[in-house]
């Protein structure tokens, strides 16, 4: 797979919404352990707003900007700004109606930068960054030009990163106050973002529409 | 037993406080079914105030007035006024340091009148009146001049009256709002007043100090 | 009855009332103070030529009743133990303190303990030549619309009444005038309570009128005593509509009427929920063409940690609106800037 | 996590925030109104030449934060969903509406969602030439006395801050002056929370940070997130003493200091209990020779039906006392008559 079209991107988002929705209760439960128990609700709402804006998109830069603002307009909580930053960062990095594999990498690097504008959290702080950073780094490191392959490598790294949070002590977000007691459960955001990256990869692999 | 002395009266009150305290939780439980669950606490507090004032008494009229006011000063709730009225009514009816059997009857008739000034409840309304009215009526009807005997007759009638409340529907006090649902449990006040009358009788029968 | 572990921040249960009143007057020392045990009075007494407004009632309903002692509302509240009317003798002593030519208005909630204490205290007061009149509140409609006044309880409706008679007294009106204004309001207000989840009596740990999870009871009393029927929990909108419809049957609002609509939280129910209830209640009410000119949502008269609330609905006359909204009041739990 | 039967008066969970805000502005229509979704503003706008005060935060904490919109306090609150910061874009739109020469002060509670939304909105606002400054509150001491500001949460301490900066803005002070007054207060206030019994998230029924009956936790956060250590319930006096001693270690009151002492109820804990807590806290505090000149007991910032409370302790400078007590405020949940 050498090009990523707007339609491909729409499929990625659709499948992410579907999979994340199916596991929503699990993410809320994780958030209840060391947060306020609403991450499942929040991430589903946010992805709905993402999908709504993606649906009306025809060009990457404007669509991704629209997505970022729509998420921050329609939804609430940390996830609103983090996911808003993610898509605004993508929008800053790319343009057009089709992306090459290099542009896809640029887009995800932009996404990471966009999130970094919102939070100082880095790897090891037990946040969604523990899924996102390894994912982007692995995608860049894999050396392939097959977008399908690149996405799967990112997804696997995100999943591993999310599992790694189980042993971490939280330093950011509401969970910080639990300190040592936060060890033993995955971070809800890392888990949901890993699920999202997994869906991105599957959507490209399956080839058929996922709605 | 032909005379009731101040000391006898003090013994009656002491034993009533002792017995009612022992059954306090039961009276609160009954009050919880159709009231606010505090009658046990209330009647014990009230009898403590009664005893405190009785302890310093040397003459019936002044002692009983002091008792009435002390109850209404130191304690709270319906019981405060009902018991206050009971002793003020006694005070209105008798005087001296010893009472004959006729005077004892007059005293209890006065007590009933004192309570009647406070409430319009009568027999069958599922209140403490269902213990008090039968008690006073039975004492007057029994024809004996033995104060011990009179007191026991009153106690038995109070007990029977209190048991009769189980089948009654409440018309007075907080319990009124329960209407039909109030049937099946004794009224807490009837139960505690019956206990008090029972203690009065036992105190005279036992002869020995009960503290 | 069940006794559960008592999840309350208290010390010796027998000291609850004394300690809570002490804490309360410490926190609001600019406005209220204790004058003898269990008697809360204003720091800056109202002038002697005006009618004094006194009330009485058990503790455990905070901020009621003492939260409303202050300029433009109550001069004095005489407090009983938790859920218990104060003794008549204590109330009588307060009447003696506030004895004055202008007279005293005693506001009594219709609960048998309070009524008995008030009656006995007034008997004693009359003998002492004290000019005191009673208003008995009885706005609970749960016993049925045709039930005589004496058989209906007084719920949180006493609170706007305090504001109305308090402002009238501050205006210098006579005892007879104030009585008339207050009784007129009394006839035009109705309250209905709903409970969901019970409370624990803080002195003996007894759970009063237990409700199963998912159950609610409309017509609940102010001490957890039951009332109307139990039913499964329904939505906020359905609850609000059901309750306000019953209240409207009593008050009969018409187009152009000026209404008071309060939601009084009794404990655990959140203001979030009460806002949602108010929304629907107000919509249903205003569909008649009547308009809500005075509203409040909050915990005014509570029942420990019970879940539930009371809806208060009243038709206001022009003088009631003025006294409620345009006269200054400065009590710890009720401040009106006034005009 | 456990999901229990949700004993709440709500309708469709997804509509909670919209409906509660609708009900709220209906009840207090003289004072507040909605200006777009989730944005509460004053009915009578402050004049353009004065600094506007805006805050943001999740719903589910009623009466906070929107309860404090009104003359002399907030001009606007931007509300997120239950326990969730509003999106940055929505907040940015409020900043656009309140754009003015005099500038905008944005009061942000230190919670990562709120901080992230505020930062992004301020980035957008700067690009649009809007003059906005932030004050971030972080008075929770549960993370330890030496913990940097950025790692401490903002609890109910924002509420007296709203009064102080709101009054300063109404006085016509400049944005820089207001910022200085507010930051000075911010450094002199400390808050500590205790929880007993958990709450249910009203949208998903999840029970947050469950505590066993008879257990309590000092240092609890504002959304049921845990904090300090759990322990068995102790008496009210011991709890108050323990908490106020920790607060005093931070604030260091000395003889002659003028203090603020508030008890903020978070839900199910009764005002009866809070009065008892206040009594002891005040006694311990005043034993230092400092005196409490400003106090409140009540539910200001709640956490659904959680049991527990927060103690707020601050040392007040002369201007803080004046702004708190002598300036008029007229918000639905905060009225000061003023001098």
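Note that the chains take the letters A, B, C and D in the order they are written out, and that residue 1 is the start of every chain.
Convention: contacts are C-beta pairs under 8 Å (C-beta built on N, C-alpha and C of every residue); 3 or more make two chains touch, one makes a residue touch a chain.
Predicted model only: the values in this text are computed from it and were never measured.
Q: Along touching chains only, what is the step distance from chain A to chain B?
A: The least step count works out to 3.
Q: Taking each chain's centre as the mean of its CA atoms, which one is most distant from chain A?
A: When every chain centre is compared against chain A, the largest gap points to B.
Q: When the C-alpha atoms of chain A and chain C are each averaged to a single point, how far apart are the two points in Å?
A: The answer is 54 Å.
Q: Suppose each chain is reduced to the average of its Cα coordinates; what separation in Å results between chain A and chain D?
A: 32
Q: What are the residues of chain D that contact at least two other chains?
A: Within chain D, residues 82 contact more than one other chain.
Q: Mark out which residues of chain A touch at least two other chains, giving numbers and ranges.
A: none
Q: Touch graph across the chains, line, ring, star, complete or other?
A: Chain contacts: open path, no cycle.
Q: So which chains actually touch one another? I want all the pairs, not just one.
A: So, checking each combination of chains, I get A-D, B-C, C-D as the touching pairs.
Q: In their complex, what parts of chain D are in touch with chain A?
A: The contact residues of chain D facing chain A are 1, 58, 80-90, 111-113, 116-117, 119-120, 123, 142-143, 151, 153, 201, 203-204, 206-209, 219, 221, 223-227.
Q: For a test of understanding, state which residues of chain B touch chain C in their complex under the given definition.
A: For chain B paired with chain C, touching residues are 25, 28-29, 32-38, 40-42, 45, 69, 71-82, 84-85, 117-119, 172-178, 181.
Q: Would you mind writing out the residues of chain C in touch with chain D in their complex?
A: These residues of chain C touch chain D: 4-5, 7-11, 16, 19-24, 26-29, 59-60, 62-63, 67, 82, 196-197, 202, 213-214, 233, 235-237, 239, 261, 263, 267-280, 282, 292, 295-299, 302, 304-305, 307, 309, 328, 330, 333, 335-337.
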